[in-house]
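Take a look at the structures below.
Shared between the two complexes below is chain A, which pairs with chain B and chain C, respectively.
And then the complex of A and B:
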């Protein structure tokens, strides 16, 4: 009988639901992945050799990044960095439908031009090695961006980086030629034309209307040879990277050992890379902790797991870097459900859930504290973050009880009732994943105090989105949204009103015309400062509508070898790979 | 040719040798130890909550992952629940599931196996065909399909687990019955005109008893652990309710850093299985006619 029983014991794969807001029309996924590289196993990201504020954030707030920032003169020249990858890509064209993963992004960041890179607050800045300046202007209704490329920038085949490359990439990703199997056409779809300026290094890009997130474009930039021909685009970068232009170049892609070896490129015109080489190695997530403990890799993502943290700390010569990550955890309320369709009940439930307690429980044992998150678009460490939770972000059971009384749910014994119906909410969690269940247990205990019964429903992890959340068979569901440096356009599909039965990713199935209008205004605003103000205005409306309750910014814990410099827990920070290295001594 | 028949003609009457069954069970030290341990565990599971300062559904939001202390005797979980109260709750649930499944799986297995083996022919084919059909069904798939219909009730779970655990036992009981029915004492009983039920109960069952007892005691532990596997499918206990299986499964991931939720639940699970196996061992010794000389 035991053989039979063992079959019953095979666990479902653990899945902590982490969902990515989608902002493409054709194929979901991808662009939002750009800055999430470190969220996957084996993360890490470098900070520039500047005076960082790592580890010194005000108490109760995680630092924006923690990468052991070290001036270049104190970084030893030489050495090999061994960096794990959660999977081994075959398609190295990031914009191909099979290539748009955080893994590809992590590797090509050291090999290809990125015209803009985000700082730790997710503000994009030009990378002077490639782009001297970029200026956005308006001509009539249209926005024109003038790129001034670095004249010294060259591909490894000797061609200069300039007009041809941008024009070819804009055409390939415009979505107008279906032969290009692109992962996304967001942004590039809005480009009306790309023109040569005074010389090949001056490029004028004209958009149809305005596009606020134009700084996300051309990062990475592929050579014209890869993007001017559909065959080259689709197959030219399968298992190879024919042309590069970065501090490192590809020495070898070994499909058998599942490693990519990048070595210092002597033709690099910028400051020379400190490391001799970086060896990326695909490792199963279960094998990563052992490989790190054995000294086979130099850094690994610990995740939000106290057990893994303790094991990593036991490895000799280890430093754990902690920073706020781009992802955030939340509860989504089903506002089309029988009980939560009443905004007063949703607000009461929000007031009845003590977010500080949930945060404390989820992050206990990690050696850090975090504040509840007060924003649906920006996380605490991101430029533009403001706590908009207002009157609905705190814990106020007395007021929650009053609101439920007013909404017509008088107490009846332990729980409230209305017309014979008990005030009970379905809390759907993936079975076998402790996090969601724990949050359910705590919320149940908290909501019981205001007379609301929470029924925790564990469901198979694979079915959670498809069979429960998307069809609306739930009242509350906890999961994480993956964050990006450009959060507004992807999150529009999460907060815009469902139209014609299509909810896109608005799992709360509710919205208002005012929120839609505020979001559209924010997306159309090219000035970053004004755009952030508009985003916060929209966020305030969403708080009042009470459909999504943000819990906290997920921390990022990365274990590294002691002495690893300018790499660690990066948050939004995008790397200058030439600065990564090991400190002297 | 006056020598008496060489072999025993009938199965020796059990009571004729060394006193009655209760006497012989109590004479076995292992059986007594197992029975005492099981009784102590049941007493703890049902009386313990009266002494515990915390209920199993309570949450202490001031104590997440606290080690054992005078306030929380077995410590707390990451969500501030009292591990002592949870373990007792899980023991009640798991004892019910384990003992229920053992009875429900081994009982029908004995009946079906003996009837099929003794009757042979069509009855054999139909019964074993049914058992084989259950044998080829993937339990996880069936559980997934049935889980919405069955709900989270304990009895439904016991039936489901038993349905998948009885078939292999039934096959081995049938195989033993096939060989036993050709033995002289069975043949003699049949030729003397004993009815089939009489032969099965009086002559076959005593010889199968040790196999069945061993099987039942193994089933107890297997069922308790299998229940936690089903919890992955949303069948089994629904949170915030717990069983020892779900406590072990939830605590396993952090057992190296926060061992108490895992350790106490796993320890109790081990004690239950130990008690049942000791008792089963003792019973087997007491029941086995080959030892009863």
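And then the complex of A and C:
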């Protein structure tokens, strides 16, 4: 009666493996808070449902974000926002191997420069407080990005933000100096050199070849003092944040109460922060509902738990914000298994599973309707999304039966048989997590209609990946991938063919040369529009290869105090923390 | 008494070393700190993971004996190693032990005192309505999991806040951020204290009632009554005092275990104490932290044994004679 209960409380896919980008949100496996903030610049948020009651848009699609967008003049100046964190970090250097979590990201977004921030459709834009412009050009085979920094931007120690900081960060994260304990060298590894332009505020970054996701770099940006010396990089941000440059500055880090207090920084050169103070507070998921109900925190992630939603709604003065999140749930098929190695059987199973039923069952009681997801890279609210499911996305048991007949699995009693072997599949779920088990039971009933037996195997949650999925001891496994604003390069390791016994995260253990080539073309394409087209081409191939069946985009439900403005369920949106506040009256 | 205590102390020290070592070996064998790095995407560079695990003495490719020697050498010098997040374990342990004691002490003392009184009262009223009510209550309460009890109390307290329109109860953490005066701290302690007291009172009550009933039928009680002492005086001076002796042993052990085992209370009320740390550290594969909490648990239980021996010696003069001291001295739960 210990860890397992916590997972029950947390809901559906506690044990999700994660795919995440270099930039947006990172979190360790066990931290399941998808509480992400979004703030809209004054008044420019026409796409969002602002009432909070309207859960879905006209076509049954979830809105891309739902953050109560409010122009700055209608946001009261002052107030304290109390914001829960799922854990309390020690290492505040996001790029250190111990610091690369979503929690660190959430806190430093109000304190450090982000050269680019994503909008609600996951399209990155320069943040003018730090970056006036960024332009990508080519010299020969190499891509050159010219950054024009804001000359007013300064660190809290008085130094201007510019060439030295970018150069030092690029060097520290390049992976060439082993003394830096970096969380990743993706992107920075491709940087060949960083040069000073006309002045310190103009920076020219030259890549070796093309790096299409260059917009993900330098967000956040740490000061040169933190990145020019390995000792400062590894230990200088332990339990402290010595230098900041944002609308807020750190007032206090309290290890005993596990709180970080950030206050409005008078030295901030942009539009002044509306809030006086943000108090981030580490709270266990068991403490969050009670704290919210009693008004001791101002917002909480509801997850996809209808019970938690009802409890949150009962608290007086609560508004629940709903939006489509970046994460997506799916079934992965083990295409190296004895039965599913035949693509015809995989396609038949896809056709035999009614995704609409599964979606309705998983998301029942949440006050929203969602559609099955038709893409392996983009979710429904993301720029570039297209439904590529084609002929394999619908529910067609008659056709599924025909396909199984053709594949040589004739019916024999209740189930199909071939050479004395029954058509049975192992459906592996983490024990004690209700969502996966329910999906298994529904799928068992659906697949029985086409003569396929599904054996649900609950396994200890901690063992799911290590003992079952990675070694290939399963036929179908349900879980979620964490989506990102830059999905293609991280998802390459999920769909690329295993080589030399290394499957990386391709748990289906299968791929094709055509998919690999299509992915490589998409990754190397610097033009975002053309890149999205190439991604969708690759996605079509993956649908036909039938190794991963996407179910739905996971919704974000965030309960907030009424009047909280420019923050809520944000989807991909990355906030300007200076605009968060409480409305007047 | 001194020789007896010295012998107990030496015995406890050996046990503590053994307990701590076993905890470390168990944690280092069962937990996989590497998994936390492997499940991240993009996965940190192999060399970085290797260097980090090696530096924190968490590398499963290093033989267990070598890792144990490194850890033990550190512990001998007062260094409990570093957490997965690179914080010093010792400082975190002290901080969290303080939090746990502040959270648990009032509730445990209250629960213990109430439990003893109720138990003694029930025993004195054996078979009557009051006794039956107390027995029924003390059977029901332990059947309610602590986190259910805590959530129910929070629910009720929230209702009181709503109805009165005042913020009488607050229960998240030790204090409100930014406030933190003594009154605010006391207010934050109310609900956790009631929760802990309720979860403890039933156990103490049942135990005390049983002890008391044994004592009541003892010969010296009858003798005392026969000599003409009043019933109340007999109950308190000769009954309760005797029945309290094994109780001290029980309560010392109970508090020692409670200190590292109150994970649910800590989690539900947002206190960052030892229990929460232990559960989190097991989840993160944080070997050094688990070993530290385990060692502390071993230490506290043995210390509790020692304390109970001393208290028993004070309360019960017979213990100081050699032949009784050789008998089992404690009633471990």
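Miscellaneous remarks
Basically, the second predicted complex is superposed on the first by the 528 of 585 C-alpha atoms of A that agree within 3 Å, B and C clash if a C-alpha of one lies under 4 Å from a C-alpha of the other, contacts with A are read in each partner's own complex, and residues count from 1 in each chain.
By definition in this document, contacts are C-beta pairs under 8 Å (C-beta built on N, C-alpha and C of every residue); 3 or more make two chains touch, one makes a residue touch a chain.
The structure presented is a predicted model; accordingly, all values stated were derived computationally and were not measured.
In the superposed model, A:338 lies in contact with neither chain B nor chain C. When the two structures are aligned on the shared chain, A:390 is found in touch with neither chain B nor chain C. In the superposition on chain A, A:408 makes contact with neither chain B nor chain C.
By the document's definition of touching, of the two partners only chain C reaches A:465; chain B does not.
More residues of chain A are touched by C (comparison of chain B with chain C). Of the two partner chains, chain B is the only one that A:360 touches; chain C does not reach it. In the superposition on chain A, A:457 contacts chain B only, with no contact to chain C. Judged by the touch definition given at the top, the superposed model places A:437 against chain B, while chain C stays out of reach.
In the superposition on chain A, the residues of chain A contacting both chain B and chain C are 1-3, 5. Taken in their complex, chain B has these residues touching chain A: 57-59, 61, 64-65, 77-81, 105, 135, 138-140, 143-144, 161, 164-169, 215, 218-219, 222-223, 225-226, 228-234, 238-240, 249-250, 253-258. Those residues of chain C that touch chain A in the complex are listed here as 32, 35-37, 39-45, 47-49, 51-52, 83-87, 92, 95, 98-99, 145, 147, 150-151, 154-155, 157-158, 161-162, 167, 169-178, 263-264, 266-270, 272, 276, 279-280, 282-284.
Contacts from chain A toward chain B in the complex involve residues 1-5, 7-12, 305-307, 309-311, 354, 357, 360-361, 364-365, 429, 431-432, 434, 437-442, 444-446, 455-460. Against chain C, in their complex, chain A makes its touches with residues 1-3, 5-6, 17-20, 22, 26, 28-30, 80, 82, 87-91, 97-98, 100, 175, 178, 181-186, 235, 238-239, 255-259, 261, 277, 279, 281-284, 286-287, 290-291, 293-297, 316, 465-466, 490, 493, 505.
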